[in-house]
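The two complexes that follow have chain A in common; it is paired with chain B in the first and with chain C in the second.
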Partner chain A sequence: MALSHDVLVVGAGLAGMRAALAAQAAGADVAIVTKVYPVRSHSNAAQGGINAALNPEDSWESHAYDTVKGSDYLGDQDAIEILAREAPGAIVELERMGVVFNRDEHGRLGSRNFGGASHARTYFVGDFTGQAILHVLYEQLVKSGIRTYNEHFCSQLLADGGGAVAGVTAFDMRSGEVLQIGARAVVLCTGGIGRVFEPSTNALICTGDGSALAYRAGAPLMDMEMVQFHPTTLKSNGALISESARGEGGYLLNSEGERFMKKTAPNAMELASRDVVSRAAQIEINEGRGVDGCVLLDVRHLGAAKIMERLPQIRELGLEFAGADMITDPVPVLPGMHYQMGGIRTDVHGATPIAGLYAAGECACVSVHGGNRLGANSLLETVVFGRRAGAAAAEFASGRKAASLPESLRDDEERRLRTLVERPGTERTAALRLEMGTTMTRQVGVFRDEPTLRDAERKLALLRERFAGVSIGDKGRLFNQALVAALELDFMLDLARTVVAGAIARTESRGAHTRVDHPRRNDAEWLRHTLCHHTPDGPVVSTAPVTITQWEPTERKY
Partner chain B sequence: MEVKLSVQRCHPDARPASWWQDYTVDVPEHATVLDALLAVRDDQDETLTLRCSCRSHICGSCTMRINGRSTLGCKTKLDAARARLREGEPIRIQPAGNMAVIKDLAVNLEGFFDKVKAVTPYLQPTGPEPEREYIVPNEAMLTVREAMACILCGACVSACNSLEAEPRFLGPAALAKAWRFTEDPRDGRDAERLEFLSSVPGGIWDCTHCFACVEVCPKDVRPMERILELRRRSMEAGFTDNNGSRHSQAFLDTISRSGRLDETRVAMRSVRGPSELLEWTPVGVKSFLRGKVPLRHKPIPGALRVKAIFAAAEAQGRRDSKRGAR
Partner chain C sequence: MSAEMVLSVFRGEPRDGAEHEYRVPLAPGMVVLDAIRWIQAQLVPDLAVRWNCKAARCGSCAAEIDGRPKLMCKTRLDAYRGRVLHVRPLHTFPLVRDLVTDVSWNYRVAQRIPPPATALPAPLNMQARDVGRSQEFHRCIECWLCQDVCHVLREHGGQGQYVGPRFVAKIAESEMHPLDVGDRIDFLVAESGIGLCNVTRCCQEVCPEAIRITDNAIIPLKERVADRDWDPVRRLTRRWRRRAGRSGPPGRTGG
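== the complex of A and B ==
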């Protein structure tokens, strides 16, 4: 039986569920395809909070300006204005859905400080805000009755004769059955590309599937060189220690016990934006003032009671993976890959240049984060632009007839996957993935230069060739995770090359992208987005202007 | 360091369909059981199937039994898993319990999520919409948050003893979710929720309060305590026309009267009436033959003092509820 929906959302994290609910509210028949279950998404991991100028002393203009400045002026200001204006409504809506936000003494929503922000505008649920919101959106999803294709891996986008998106092929990982699902509009909400780097704070499912699908289908990827390195990750396994530790007043110390942020950000100190703090921490480590390759995060002065109420989960992480109890000891941390500011280029309605194809959340680049995302703006982006993309996709779908795709497309895909499983070879997925990840971390990290990037480019091209020799170690149909891992690596190899291509092209230092051979920001040439286009020979880079509405670029000081 | 694992494999297509397989892997000191299993899958055996994602116990994917205990692979350090084993004895890894295996450590989760869906798991406010957010005390949110910490990993369901006997039991995770709404001052459907939970087959009265879910929960949600509170609240709300609450009341009555449990009386008073009593006759006969239905029930020597304890507890309860009302 042919499956078909008005709107098909790929991914069931915050952006995906919000998009699906919005599309349904606009009257569309909606379904979600997810390679896990809705509550398993990496949105869970967002600890600190979600930003909005709700307080009467705050303003959306202030939130927008902080975001523009945080982005190092690479964010598109029309999109940022929308983000900041729609934030208060979005948070109140989440609260009414049932999110158990912390309150102030009057029972109203209570906020905390966060990096790069001029007001305490981060609303939160302890230190598991992402999980608390994700599970409430899941509750709303249950209420809506929207169909979810759980543990279905979306393996390709289907187009109609005119080049518009007309559906996907996906396989049920549990049974191996390949499905063809028709759709008048598809919304990609597949999250970040964290696993391109090793280590990364990102979950193992963050393999950028949607970004790669869109890229291959002809949608350009924008600003892929803008990779956020979070200042406080654990050395042992790359796990994230939330910015809320610093938001609540935590210090960063070097081996001499000095709060080294005073050198680079004397006003904001530890709460300067993440690119600034990560660079400062990496310099301490590189110049020999680190502790075992790390700097120290110290929250002891907050006291046990506050740590237990506001930071219980990260204390648990410190205990388990660093052997340090943050109540009594500082915990060693270092900058680690955390977030991809770049992604599938969309307009403020989530529309990509491909008709019928939409994107929202971390996989998309609207762009509200530009060169550097502020903490607690990512959860906000998922709900604001998830809603907009879902509504826009529903509207597009209502004005379009369903394409009639030949059923043979399903059979073709089944044959392609079977061939992949059965092909002979000597390479192993895990080995190639590790080489890719360590190359990216070593050569495309906090500090970059052209020769090192060129070398990474060559290594990635070689890995792409070697991928053809990967043999899949599971030949069965049921729950073939070896097949899934190979498909994910195939996607990630494409994405890694776009990160490097963007990094080579951008001959300046802006936001998270620091070129030691081009140490200055260069607005004359590079107040522009990079766009990566897919070709059989690898990515080709072009550029596009940044939208400026009311904030002219100036030097960034914290 | 070198670690030995023994994994209970299951491939429905293979013959035999289930077997134990040993692996030895070299992993760093701080590694978890999940890290070790991923090292096996990456480097030795790509057919080994397990769910995982976040590696920091927030996504709830890698639920499994480690040396018989239901837990998350990513929350169990290898050191801890080996602590009670003999020298050279492998760490035993099995799929989660109470759910059918699809392949290796991946179990069928559809039934688990169906039960979560069965408790009307979304906020149902009844009053007028506030202009902005609902105004509620932070303490109330902190209390609800205890259950919102649940990541739906299913470790509790895996360990649940009641589920083995009664597959319809909604289970600890779904009932902790249900509690979250009865506890939320923004929800207006407490009565409907409590009525459903106390009367549906597999509802709150099917918990045997064995503490297994409390013991294994990786997020300290303490599902059993939530279930006991749901029972108390449902009885207070007058939903007492069910065997569970009749049983509970009869239990109290016999002990307050004679100082010890009168099994015969409790059994007879727990059922709805003569027709249901008839249904239980075979069980009754069996119990009788094993000496579990004493015909004569004598109070214990200190029964009067037990009565005094009950009276004191009731008086204290009345004082507490008055204070609460103020």
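== the complex of A and C ==
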């Protein structure tokens, strides 16, 4: 049976569901392919909130400026203006759908402070904002009747004779059946590349599948070296302690009990942007003022009542995974890989350079985050640009005939996967994955330099060669996670190399990218995006200009 | 670190399965999911198991650990040291393979639950203490532990008749929304099967989010049903109206 839709969305997190709903509202027949169930998506991990200039004393210009400054002037200002202008409407829309945001003392929407923001403009649902929004959007999705291919792994993008995207192949993880799904437009909403690093705050499914699919299909990946290290992650399992802990007034202390942020950000202190705080924390740890490889996050002075009202989940995380009760003890934290600012290059409608291919959310690079994302701008990006990409994809689909793809493509893909499962080999996926992840964390972390990056490049090229010898430990069809893990590793090895290639190319320090051997920002040469293009021999880097509308680059101080 | 633990993990397909024992090296703070992933990575790569966030946010890794429904990512191994730890798939749902069950029934039920309905245009004005009542149910991560433990669904084959604790909580989420104007009493009476719950509180005991499903969702909604549908005066009014030919469908409340 030939499956076909006008718009096919890959991924069912916030961006994916928002895109699907928008495409349907524009009249398209829509379906979603997701490798988990929609409510399992990593959007549920977003704790802190979602930004919007809703308060009359605030303005979208102020939100946009904070975002531009946070991005270290690498964000494209036309896109950032759209993000900030559409934010208030997005919040109101979510509330209408049924998201129950916290209130202030007058019963209005209540906001909290977040890093790098000049106003308290982060709206939130306790400390489980992402999860609350995810489940409400899922409710809308269920109501819409949009078909979801749950637990289907998208393994390939299909193109028509003219090079436009015309569908995907995916396999049903539960039965092993391979499907060919035709589409007039495809929207990739597959999230971040977190698991390229080990550890990472990201869920285990964050393997950048969509980014790799687009990259291999010829779409460039932009600013891949811009990887956000979140200042407060737990040592034991890399879990995230939300910025809301600092937004509510938490302190960061070194082993001497000193609030070390006063040295680098005397005004914003703990609420400087994440790249600034992570660097400062890493310096404390590297210079011997850490506690067991960590710094301390202290919220005790907020009192038990406020902690229980505003930060219950975070306290729970501390109890479960660090064995510390934040009401009575500081929690040891360290910077950890958290977010990928870069991704598939798109315009402000989510369109990639490939006809019919769109992207939104963390896998896309519009770019609103530039060199460093502000907290609570990512949830906002998913709903604003998810909606835009879905609508644009529907419009594109309506003006295009469905490509007739030969059914044999399905058989070809089935054969390819079968060969992969059955091939002999001595390498193990888990071992290669760990080696890749630890290499990235050690050598492509908060502080970088050319020799270390070159060495990482060599190691990754070697891992790429060794991947050919991976044997898949499960030969069956039902729920074959070994096959999924191998395909994910295949994707991630490509993505890891683009991160390193971008990091080598960018010979300056900007945002989250700190080159010890090029410690200054260099606007003359590097007020530019890096673009990674796929070739059989690895990534090739070019550059593209940054869009400046009204904010000229100046030095960044917090 | 030479400490070890033995996990006895269910392996197999619906008609052909048994527990197998695996020796796992212990590390401080290790949880059951770490052990299962270690087993999958090091010993049996064809072990089927769902996981994702490893931080009790996504609800994927529900299993029966030592006979109790729990999230593997949230269950520490040190609590079970010195004995064999049994890990089995959820009992209430059909087995796919190993620790993976077919939970799609829940998602089909989700499609039948009436959505929230607010009459006023957002942004809304609501007091914080009122918002809290609805927010409690927004915490649900849909891990299906409560559906697994609910004896109506587990022992009595109630899947055709009762939506289960998760979806009563879902209805409560809308019902407790301060500005909701939807009427779900008909649905509760005629379709939800809420009457089958005899309030044993097992569901709220296993909830990893500590949502008081029985106390704050099931009991208040049973009361709303009783108040509207079982009130003798209202029943009489309804019967009278039906006789007068002005009635709605059965179970519909009077004025």
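We adopt the following convention: the second predicted complex is superposed on the first by the 558 of 558 C-alpha atoms of A that agree within 3 Å, B and C clash if a C-alpha of one lies under 4 Å from a C-alpha of the other, contacts with A are read in each partner's own complex, and residues count from 1 in each chain.
Just so it is clear, a contact is a pair of C-beta atoms (placed from the backbone, for glycine too) under 8 Å apart; a residue touches a chain by one contact, two chains touch by 3 or more.
Please read all numbers here as calculations on a predicted model, not as lab measurements.
Chemist: Label the relationship between chain B and chain C on chain A in the superposed model as either fit or clash.
Modeler: Aligned on chain A, chain C clashes with chain B.
Chemist: Would you check which partner chain A:109 touches, where first means chain B only, second means chain C only, and both and neither mean what they say?
Modeler: After superposing on A, A:109 lies in contact with both chain B and chain C.
Chemist: A:126 contacts which: chain B (first), chain C (second), both, neither?
Modeler: The answer is both, since A:126 touches chain B and chain C.
Chemist: With the two complexes superposed on chain A, say which partner A:487 touches: chain B (first), chain C (second), both, or neither.
Modeler: After superposition on chain A, A:487 lies in contact with neither partner.
Chemist: According to the stated criteria, A:504 is in contact with first (chain B), second (chain C), both, or neither; which is it?
Modeler: neither
Chemist: After superposition on the shared chain, which partner residues are touched by A:331: those of chain B (first), chain C (second), both, or neither?
Modeler: Touch partners of A:331: none, neither chain B nor chain C.
Chemist: Based on the superposed arrangement, let me know which partner A:321 touches: chain B (first), chain C (second), both, or neither?
Modeler: both
Chemist: Should A:146 be classified as contacting the first partner (chain B), the second (chain C), both, or neither?
Modeler: neither
Chemist: According to the stated criteria, A:92 is in contact with first (chain B), second (chain C), both, or neither; which is it?
Modeler: In the superposed model, A:92 contacts both chain B and chain C.
Chemist: After superposing on chain A, which stretch of chain B overlaps chain C: 98-106, 278-286 or 314-322?
Modeler: Comparing the options 98-106, 278-286 or 314-322, the clashing one for chain B against chain C is 98-106.
Chemist: Shared contact residues on chain A for chain B and chain C?
Modeler: Looking at chain A, the two contact sets intersect at 36-37, 39-42, 44-45, 92, 95-98, 100-110, 125-126, 128, 131-132, 135-136, 139-140, 142-143, 174, 203-205, 236-237, 239-240, 317, 320-321, 323, 428-430, 472-474, 476, 478-479, 481-482.
Chemist: Where on chain C does chain A make contact in their complex?
Modeler: Chain C residues touching chain A: 13, 28-29, 40-42, 44-60, 74, 76, 96-98, 100, 102-104, 107, 110-111, 115-116, 118, 121-128, 131, 134-135, 138-142, 174, 177.
Chemist: If we count contacts the way the header does, which residues on chain A are in touch with chain B in the complex?
Modeler: Against chain B, the touching part of chain A is residues 36-37, 39-42, 44-45, 92, 95-98, 100-110, 125-126, 128, 131-132, 135-136, 139-140, 142-143, 174, 203-205, 236-237, 239-240, 309, 313, 317, 320-321, 323, 428-430, 472-474, 476, 478-479, 481-482, 485.
Chemist: What residues of chain A sit close enough to touch chain C in their complex?
Modeler: Residues 36-37, 39-42, 44-45, 54, 91-93, 95-98, 100-110, 125-126, 128, 131-132, 135-136, 138-140, 142-143, 150, 174, 203-205, 236-237, 239-240, 316-317, 320-321, 323, 428-430, 472-476, 478-482.
Chemist: What residues of chain B sit close enough to touch chain A in their complex?
Modeler: 11-13, 28, 30, 35, 41-43, 45-47, 49-56, 58-61, 75, 77, 102-104, 106, 109, 113, 116-117, 121-123, 125, 129-130, 132-138, 141-142, 144-145, 148-152, 184, 186
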